[in-house]
Amino acid sequence: MTTSTTAAGRPRSGRTLSRWLLAAAVLLLTAIVLLPVAIIAFTAFKPTAEINAFPPTLMPTGWTLANFTRIFTDLPFGRLFLNSFLFAGGVTLFALAFDSLAAYALARLDFRGNRFILVAIVASLMIPFQATLIPVYQLVAQLGWVNTFAGLIIPRAADAFGIFFLRQFFVSLPRDLDNAARIDGASEFRVFRSIILPNAVPALLTLAIFTFVNNWNDLLWPLVFTTTPDMGTITSGLTLLTGPGGIIPYGTMMAGSLIAVLPLAVMFLIMQRRFIESVATTGLK
Amino acid sequence: MTATTRERAPYRAPAPLGGRPLRRRGLAAKAFLFMLPALVILVAFVFWPMASALRLSFTNASGFGIEEWVGLSNYARIFTDQRILATLGNTALYTVLFTPTALVAALALALLLNNRLLIARGFFRTALFLPFVVSLAVAAFAWTYLLDPQVGLLTYWLRALGIQIGNVLQDPVLAMPTVVAVAIWKSFGFYMVIFIAGLQEIPESLYEAATIDGAGPWRRFTHVTLPQLSNTLAFVVIFAMIAALQAFDQIYVMTGGGPYRSTQSVVMELYQEGFKKLDLGMASALSYVLLAATLILSLIQFRFFGRREKDTL
Amino acid sequence: MKKLLATLAVSAVGTALALTGCSNSSTAADTSGPVTLTFWHGYTEADGKVLDQIVADFNKSQDKIKITTTTKPWAVIGDTLLTSLSAKNGPDIVALPAENLPVYASKGALQKLDDYYSSSAQNASLNPRAVEMEKIGGDYYGVPTGFVPLSVVYNKTLFQKAGIAAFPTTWDEWVADAKKLTVGADSGTPQQYGLALPDHATVGNGVWASLFYGNGGAIVDGNKSVLDSQANQQTLAYWAKAVHDGKISPTGLDGIASDKLFSSGKAAMEIGGPWMASVAKENNIDYGIAAIPAGPKGPAASAIGISAAVTSQADAAKKAAAEKFFDYFFSKDNATKWSLGSGWPALRTDVPSSAVSSNPVVASLTDIVGTARPLLPGVADSTDVLTAVDEATQKALSGGDPAALLKTASQSVQQALGK
């Protein structure tokens, strides 16, 4: 089995020292990058007085679970979690299916108007969503989709970003692959399904992660398209936890975010392995 | 089968049997079927709202019924009002600071984390991806917790070492770089993952051939990695630039556009015009000015990247 | 292939329909049943429960009107009201921070309530200063649900350590005490500040308005900017000097950073809202709440105000129903109940502090509610006005020339008013 390497070459015996130096350097870098994340995690276990205390602390001196209990008592947390999964998962599934189909046509089928559609799709990325939010909302409201999963998911069931992203990957796969299959009489859909998709697993996974994370963390979208608390997501639900005078109870918010982030982190840990495996198992390289 | 040559596929691939075989009968119909689901969604929820915003940009609509045609006066105001012109400048500064830095950081880390010499790559990849996963409001809290000039943890530590960093988020010169730094921290992980996915696609054989030809690490990078990564690179450059031109969330939560509007971006202004002052006409006009600017910058970029990139789009 | 694609398309549409099916079609036919209204408010704490209870009691008191409340934080109401109303899918009654009322009114999102004010028996007893918030261009667009003067919360432990027995009552005493409470001013970066004085994005945007009022100044007078008055120049110079030379407060603070500084015990005083009492408690600070010390022209404070308004999507029957609820809400019993529940002074002038003595904070705020003035009543473009004020105060506290800064800011304010 071969896995790909970069320009840095392959491991050799006698390179043990450089391996450890490299690991130490990356570890240091990671520690710096993760400092804010550590703040979030530790704050979740601090009582309010300690979060605001001076001098500030990194680790809690008086660990508490009070922030976590408040989440479960003040919010329908299980329901919000489920909603987040349905919303982010639903958008991801639809978007992967629709985006990859469209990207296939744009990358592999040299039809008239290809270039025009591609440019239009890329151009649509260039308008900030705040500018189109109101027309989109009006349409969703006309369809009677406010406070429904349809209203949350369908407007995002395909997106320009995903189409453009997958198209860039599909375009760089060797053409001999699908042309050979076509000569053997394979239909376009078969080429798409059996040749392009299996070879684009890293790209599909990347897009899946991106779409899932973005929707999971999206605040304004669920706030605008749902008005009842039981249709909210974790991210939108956490905004309901404001303290006196609208002051955010940071401990509780960090606790909620910590719980919200865990599934994403685990998902990524599992998926990033597939980046390596996918290349090895396609047998292409 | 083995793909021995993996040149970046040109837009119109050389045909194995001569001619231009990909333009076959019924191809447009097939392509249309493939694109149908996505096009239905995009037309309804992206293109139609865009057209709607374009129409609004010539009105003084508030969203509650009042709506009069005002011609180009919203656009005229954008290009005559110094305060609004300044937001275009701020956005440009943000983009210039953000795009190259984020790209170089992400590519460097992707190469580092794709290096087989490195142990525990899965752990490091996940750890460095984490900032992308946490929500921005939460990240903003963590950064203020670190950077607060009086009670911040980082300022406290640095003070103990005799270093004063001052009030970076309230300094008209330093606020923008600080916001950009936080934005890069937040998003490099995603670009890094795209690069890793791209690096995985590069066949080992090319590196082997280059090594046999006597190429060192730098030559392998410039002659194999970069050309093979060009599609990915083109995508990431465009996308990072678009993200930078639409900078909003990180500014909204970190500085609110201040101090003295020095971090007020176009989309911050758009949000205020639309959602605070209820002037949808002005907000829509701003969004189309931004769209035009982004288009122009993209075209320049394709020029800059040269002919090879031009035919990827 | 076509078959597969077709299947995919059909299943997508099918799923969409199935998902739509889940929608609880809330379009109850308004035929014979009671008039139903939705009411959005941002009272997310215990206050919200009291308000919801008053609404529930109102629903029970009669059978013609039914009001459903939805609680959303104020910021969320601000972000979602426009979209929801643009599709006539929003609330019929909405509570808003008072400075947001004029812009919604001037853009046609709210209905005039002049008839309510001319017919209701209750409004004669309402605090006239609070009612002032509702007047935009000569018409009334809302009713007050909250009106409270900004006050000073202070750290008693730090006051004792500095040997200060009584809370200051004039600006000069205030600054003198703040200096006593500032530890390590000589080093340039004190370890403890006497006061957390925000210079932009202050609590309720009212800190500087309060100080300007105290010296007889104001931000606007009707449709005219009076920001660069002599009085305001003196005020800004006075406080810039206290901060710059006396180091009584750090610069560059906003409202949130000031809260943090006070909560950490690094600042002995802060100008804040009534909720600072519970914030102080949460952070184990032995606190007191007092009126903002009187300026040269007497005691004054900017108020934090909340208004409830009837939106443009409500029909005549709903509007009439909303007005019935307002009447119920303003009855003396409910006004007292709401005052105690919200922790804010009663909106009626005939509910004295003795009636709310069970909550000492409310009682003390009730005593000073007479000094409170609404912030920018009737000003539609309050966003630009407040940004201009913030820029002047922040620059002045970091060393700029107050007179010149106020002059520039005043021009921006005038421009915003003229729009």
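Points worth noting:
Per-chain residue numbering starts at 1, and chain names A, B and C are given in the order in which the chains are listed.
Rule of thumb we're sticking to: a contact is a pair of C-beta atoms (placed from the backbone, for glycine too) under 8 Å apart; a residue touches a chain by one contact, two chains touch by 3 or more.
Just so it is clear, the structure is predicted and the values come from calculations on it, not from any experiment.
For chain A, the chain with the farthest CA centroid is C.
Just count the C-beta contacts per chain pair and the biggest one is A-B.
Put simply, the C-alpha centre of chain B and that of chain C have 37 angstrom between them.
Distance between chain centres (mean CA atoms), chain A to chain B: 15 Å.
Residue numbers of chain B whose C-beta contacts span two or more other chains: 30, 34, 37, 63, 150-151, 274-275.
For chain C, the set of residues that touch two or more other chains comprises 1, 5, 8, 12, 79, 82-83, 86, 260, 264, 266. Across the assembly, chain A contributes residues 52, 54, 97-98, 101, 134, 154, 157, 188 that each touch 2 or more other chains.
Those residues of chain C whose C-beta lies close enough to touch chain B in the complex are 1-2, 5, 8-9, 12, 78-79, 82-83, 85-86, 103-104, 107-109, 189, 193, 200-201, 250-252, 254, 257, 260-261, 264, 266, 312, 381, 383-384, 387, 390-391, 394-395. Those residues of chain B that touch chain C in the complex are listed here as 30, 33-34, 36-37, 62-66, 148-151, 164, 167, 170-171, 256, 258-261, 272, 274-278.
Contacts from chain C toward chain A in the complex involve residues 1, 4-5, 8, 12, 16, 19-20, 22-26, 42, 44-45, 70-76, 79-80, 82-84, 86-89, 203, 256, 259-260, 263-266, 272-276, 278-279, 282-284.
For chain A in complex with chain B, the touching residues are 2-11, 15, 18-19, 22-23, 26-27, 29-30, 33-37, 39-40, 43, 52, 54-58, 97-99, 101-102, 104-106, 108-114, 117-128, 130-132, 134-136, 139, 154-161, 163-165, 168-169, 171-177, 179-180, 183, 188, 192, 202-203, 205-206, 209-210, 213, 217, 219, 235, 248, 250, 253-254, 257, 260-261, 264-265, 268-269, 272-273, 275-276, 278-279, 284-285. Here chain A touches chain C in the complex through residues 48-49, 52-54, 94, 97-98, 101, 133-134, 137-138, 141-150, 153-154, 157, 187-190, 220, 223-224, 227-228, 239-247, going by the rule given at the top.
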